[in-house]
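What follows is a set of structures for review.
Two complexes are shown next, each including subunit A; its partner changes from subunit B in the first to subunit C in the second.
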Partner chain A sequence: MKRWWIWMIAGLLPLQALALSGEEVMKKSQAAFLYPGKDFKARVVMKLINKDGQERVRELTMLRKNVGEAGGEQKYFMYFFQPADVKDMTFMTYKYPAKDDDRWMFIPAVNMVKRIAAQDKRSSFVGSDFTYEDVSGRDLEDDTHAVEREEKIGNRDCIVVKSTPKGTDADFGSKLTWVDKENFLPLKEEQYDRKGARYKLFTADEMADIQSIPTVVKRSMKNLQTGHRTEVAYLKTGYNLGIEDSLFSERFLRQPPRKWVD
Partner chain B sequence: MSRTTTLCAVLLLAPLAARAEVTLSGFLQQNTAFNTVAANPDGRHYKWLEERAQLKLDATGGAWRLLAKGDVAYDHLGRQDQSELREGYVDYTASNWDLRVGRQIITWGLGDLVFVNDVFPMDIEALFAGRPLDYLKRGVDAVKLGAYPEFANFELVLSPDFRESRIPDAKRFHLYDPMPAVANRETIKPGQGDAGLRIYRDVAGYDAALYLYRGYQRTPSMRADSMTAPTKISYFYPQLSTYGASVSGRAGEGVLSLEAAYYDSRQDRSGSDFTVPNSRTRLLAGYQIQPAEDLTLGFQYFAEAMHDHGAYLATLPAGFPVEERWNHTVTARLTQFYRHQTLRLSAYASYNATTGDYFVNPELRYSFTDKLWGAVGANFFGGKPSGQFGQLSSDDNVYLQVRFNF
Partner chain C sequence: MLLLAGLLTLLFLTQFPKIRTDTNPKHMLPDTSDVRVWNDEVDKAFALYEDTIVVGVENAAGVLNRETLGRIARITDGILALPGVASRDVNSFTTITNVTADAGTLKVGPLMPAAPKTDAEVEALRAALFGNTLFVNRVISKDGKTTAIYVPLEKGANGAEVADKIREIVAKEKGPERYYIAGDPVARDTFGAEMFKLMAMFSPIAGMIMFAAIQYMFRNLALSAAMMGVSMVAIIWSMGLLIGAGFPVHIMSSMAPVFLMAIATDSIHIFNEFYFRYKERGDKLAAIRETMAAVSRPVRYTALATAAGFAVLLFMNIIPVQVFGGLIAFGTVVLRLLSFSFISAVLTFVREDRIARAAGSETVDGDRTAQALGRLGAFGAARPGITVAVTLALAAVSVWGTSKIHVNNNMVAWFKASSEIRVADTAMNQALGGTSLGYLVVQSKEPEFMKRPEAMRWIEGLQRHLEALPEVGKTFSVADYVKRINRILHDDDAKYDAVPETKDTVGQYLFLFSMSAKPSDLDSVVDPVFGKANIWVQMKTWDAEAMRQVIAAAERYQKVNPLPVTVKPAGIAYFNLVWNDEVLGDLVLGFSLALVVVFAILALDFRSLKWALIAYAPLLFTILFIYGVVGFVGKDFDMPLSVMSTLSLGMAVDFAIHFVSRLRQRLAETGDADLPGALVWTAARPGKGIMRNAVLFAAAFSVMMFAPLTPYVVVGAFIVSMMLLSALLTMLLIPALVMLGRRWLFA
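On to the complex of A and B.
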């Protein structure tokens, strides 16, 4: 019983989790959601569904590589399979914390790599209900974060964090994020517009342990004001695959290597 | 050449075919462009009227890849030769070098319908006749070697046969002709090929590139057998070398592109042969921003300076249109997406402040489904009667494109 103090600390742990600030919760959440592994690969199938149920499919391979620690710089490489008119198009992003991303696109029709303007991170990603920020992360410094309460989603205990943009350039006025207390994945997010009306709803619909890393493999984003929604499934997922730094280059934008884009 | 290349490709890949991953795809397309101002010089009312099918074969096995893209087309305006191999090449990829052999599309430089270092063949007629963007470039039959050592990337293009740009057909477009009475005309193509080298790398967060080319002008010059009593006109492609550079990167809220090139007119270095374009310098500055969601704006300023302008003026016969020493052009492009990026409005406008020439191309494109899209657009031209766009002022047209992908 000499180690009685360990048990006492263990007993205090839930209190410690509760004591995390909104900022810290969101930081852990971003690390768990967008930064796990040194690198990551997924075949992404997006279904864009309008309020009448009409579907359009966007299918791509997404490769991500972390340059440094969680919250730091990342590189993204995307190769499009569908729709047919963008097949073989590739897209590359160098994402920097607290500074605008660099983006490049390869347009197969004219065989040209083009740098593209990237200042509006709240733009729709390939026409879906997800924005670029929803795909690759929003700078935590752009919002203030406050823990609102604790609440269960299904049988998972969550911390609910309210984030409010510091500036006025965001398309939302505030958002609530339900962060799983155990693995820090966001299970639900409600966005409100600037008038305070419900705007968008994100839900993590299916989880899986990929190489023992908890991963959201199905997610959806619904625009509650238009009824349009986007369902995303991650297939063929893998972490720590040893994606080379050289992949994120003009050479491979033009000729994406088959071993990475299957 | 292309046939040989394809044959070589097939033979090379035969042993790999068994374990290659093969995909077949393609499209069916209808493309119509009708005149809005005047009939064509041949009396027809359409700039373009055709049905087209494209089949694309893409096979990968290990470090090898074969791509073949072929078109079969039926032209309602009487052209027989519309079917073609658009691209057909074999790739071999090693860790720090690669090779592409066959017919391939190569695009250099940063311009948006302004060409500074892009010395590879284009289909200018396709652009003016309302054809889809994929037809703006023509493939070259070439060997392209890529080398990627640590310090820079190299792309060497060697082409044994010269391939010209396609210029608008005089039966369909009202082209300026200084000697309309001479009917006997011939075209002389260079008997040799050409070579280009592009070197590129990142420099402090900017994409920097150098371009070198030795070959020929892609658009022909014309020369008469006699200036006083011409009986025959020869079209030819003057020797040309270009030396250029470009840089692009983030600047403020958008992307800034700068590009320059020196065109060394090897066949007329003194500038005293008025039938051959003089040496010139081309400069381009472009800026692109995204001021709102799904809205992109692009602006370009393009300047061209003719060298040895005095020698040109001194030898230019009376009655021929005079080209200024400097030409200044501005362009603007707006692209706006609607309806979850299934509807796209784009508008491009180019204005040459020196000659008053302009080209305006608005277009609306809608994806009815993931497989079917259609576009409606227009081409408007105007300016000096001998100018690049001015001569086409009665060739304004409205076009339709419908494509079904499979």
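On to the complex of A and C.
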């Protein structure tokens, strides 16, 4: 049989269909990482650490509410405690898939709510090494995703997915994500810049089951080119708390209710 | 013996492939020096880049049109993809952070995310550029004809490679624009290339000229070859030692081959005397013996003086100068050892008939040069009063000229005015805020202090105060960002182009800014805890004086407006200033040391303080005259010149040593009776050797006057004039002084 190899590939096909595609892995991962529960609350402590170990702290309460299904619209509300001079500042985002987010900020010192343009999702979130996209997710449609291989991280089996941006808007050229095979949380992510050099490294440093939902409670992002890194801890976490939709409004930006921000 | 020398030479030669050049001006001072430690600290505190290439784009019709902007966008994209470039912090129209308000929405993001497609977009960009003080004179010239792309380099990146790649990128664009590639890394690499040129091209040319000159003077190939061979071996040994010991070749040491070749010409005195003696005696071996007896002492002492003059440099603070001093001192010793053993050996091998023919004209009576020199000496001896009076008058004028000397190191000015780097620098300085960058670091002991409105306003006031200086083209600081945000939040109302009233407002504005800006935008102007602020000061000249003015202005400002902060200068412009002052300090120290050492050697050689003083005179007047000229011409007194003056003492004294030694030998042989006769004889006979030596020396260095870097040109001109002048003064002034002081001398 001259064309034996066609049969061989045909023989492999069913196996391929059983395995998840890159897109599917990333979709499941996004759902597990950014969308669990109807809503979510955490006290977030971010440490911004420069090459010499000098630390700056950002502390905030983050509230998230899903409007629809995983991968759909979300609303975020953030209330800042630290640094001291930004206490009472609040920040709100309406996140839409496949469309620019809406963002507002309340600046207490001048008692002003300002809409903030969101055209640059790759800019740094409050001066940390996380971008807005790293915090609230990047549209899956912006990249192509391909399963590279399977690999263990510690004792966890992972699927390694390579994502490559379709356009040129990203500051990275490609990234590899290690997705836990069991709970689909991303355990590690390596971003490469457009020159192909290692750029940023994300690691999920500590997991916990919160209301039996596996949650990354400690994470860090390191810029491998500048040596700057950011460590994030989620404290006082809770899911499905019944956060009202009305909270995500200009009125509450100016005067956030105590019960939600503390 | 010869075999050993050959083996050693081979050994040193094997070191040559390891050669590296160091053209980083920072390395002029040790890395433990205060200024370098402090500059490193500042770089760290504000996450600054050590090296930035600046690409200027100029369009006589203005850069704000769709075509040019499209090119700028493409060029920037190309640059961002280059290895070695710190892409995240490249500042160009497409990447620099802008703060604007659009229909009530605050926008912090790149100024021009993509090239405009319509003329309306171009006009919007124009408005954004000229409406923001952070941009004018930084990324856009006031006339709109020039923009700049700032390309910071990662640590350890190869600046020359990146610059070449940028040249390739801009070469692809066909259009009316002109491109300038400037910045420290480019200057350094151009410098390195020129240094190699000097060593690889100018040194051999100098060698050939000397060879031809020696051949013309002595008409014997074996002798000329011997002399050149000796100098080659000395060069190979010293350069091999330098490279093998791991030292990089620096601006100073790149001149070493020419120096060693020139110093080797001291052996001329051996030949000179030998030819005279041979002519007198007709017996070669006897002539050699007598020659060595007559000449060896002065030659030994002149070598000692030269080596000592260079060894003095070891006490300097500037590293390349130390290395250079050690290198030449070593080379001089090698030269002397070789010429004593090797040259006299060659003399014995040379066939007698050849020498007889070549030495045919070597008599004091039959030689025109010797006669002319003799007349010169005779004039000095016959009219000592006039000679000394004229010299003193000239000296007085020179002292006046010396007072006009201006110490300055401007490294960009080391390149010729037509060089790519100078053209780029001049164009950029005319169009934009200035290529010379200094920092003023405002420090408080209290964290968060810089967020206080009074601190912000103080910084802002200091900026305005500095910008009043003609040398300062642009300043920027954290206050500029705060003012910008205040204004934009209040609907771009010019009334709010000011520092807000409370510390919290400042803090919140900066927080807001940091939510979208590049991290480096804030990091480069404040430290993480807001205890320090960094004011960027762009100057339009690399003259060290400009930074001195800035520092003085900051001090005045602080006196009038007291605030509990300290202001410390930093950056490359400040480094240049410190280094400049070190040069001056070194000059004074080195010059005094050399004066003492040379006098001590003279006194030791002559065993007489009186004779030492006489021999000292031509040297002093030569230096004085040259300094006078430097002062009158208005040439900056920079590092190469200051090193030259120290060295020149050790080299220029050679002639006087020969003259006085031989004069006293002559007097001892013929008795003291005919002093004028002895003076004329010395001027004519050893004098011819002196003149030959001076001419050869000058010939070697004259090549450097055609070098592409001005320090080489200056050094060339300095040595040529010094050699000729000191030879002349030796022949003229010493006879005059000896005649005037004969009672005192022979008492």
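Everything that follows uses one rule, which is that the second predicted complex is superposed on the first by the 244 of 262 C-alpha atoms of A that agree within 3 Å, B and C clash if a C-alpha of one lies under 4 Å from a C-alpha of the other, contacts with A are read in each partner's own complex, and residues count from 1 in each chain.
Everything that follows uses one rule, which is that contacts are C-beta pairs under 8 Å (C-beta built on N, C-alpha and C of every residue); 3 or more make two chains touch, one makes a residue touch a chain.
Keep in mind that this is a model prediction, so the values were computed, not measured.
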| item | value |
| --- | --- |
| Fit or clash between subunit C and subunit B when superposed on subunit A | clash |
| Touching partner for A:D100 - first (subunit B), second (subunit C), both, neither | first |
| Touched partner set for A:P83, first subunit B, second subunit C, both or neither | both |
| Touching partner for A:R258 - first (subunit B), second (subunit C), both, neither | first |
| Partner chain(s) touched by A:N111 [first = subunit B, second = subunit C, both, neither] | first |
| Touched partner set for A:D209, first subunit B, second subunit C, both or neither | neither |
| Touched partner set for A:V126, first subunit B, second subunit C, both or neither | both |
| Touched partner set for A:R194, first subunit B, second subunit C, both or neither | second |
| First, second, both or neither for A:V57, with subunit B first and subunit C second | first |
| Which of subunit B and subunit C A:H228 touches, first, second, both or neither | both |
| Stretch of subunit B, among 1-9, 199-207, 289-297 or 307-315, that runs into subunit C once the two complexes are superposed | 289-297 |
| Common ground on subunit A, meaning residues reached by subunit C in one complex and by subunit B in the other | 48, 50, 56, 83-85, 109-110, 112, 114-117, 119-120, 123-124, 126-127, 171, 228 |
| Touching residues (chain side subunit A, partner subunit B) in the complex | 48, 50, 56-57, 82-85, 87, 100, 102, 109-112, 114-120, 122-124, 126-128, 171, 228, 246, 249-251, 255, 257-258 |
| Residue ranges of subunit A in contact with subunit C within the complex | 48, 50-52, 54-56, 80, 83-86, 89, 91, 105, 107-110, 112, 114-117, 119-120, 123-127, 171, 193-195, 197, 225-226, 228 |
| Residues on subunit C engaged by subunit A in the complex (per definition of touch) | 44, 47, 80-83, 86-88, 102, 104-110, 113, 154, 448, 451, 489, 500, 502-509, 511-512, 514-519, 522, 528-529 |
| Of all residues in subunit B, those that touch subunit A in their complex | 21, 25, 27, 60, 65, 91, 93, 98, 104-107, 110, 132-134, 136-137, 146, 148, 153, 200, 205, 207, 248-250, 253-255, 257, 288-294, 296, 337, 340-342, 367, 369-371, 373, 403, 405-406 |
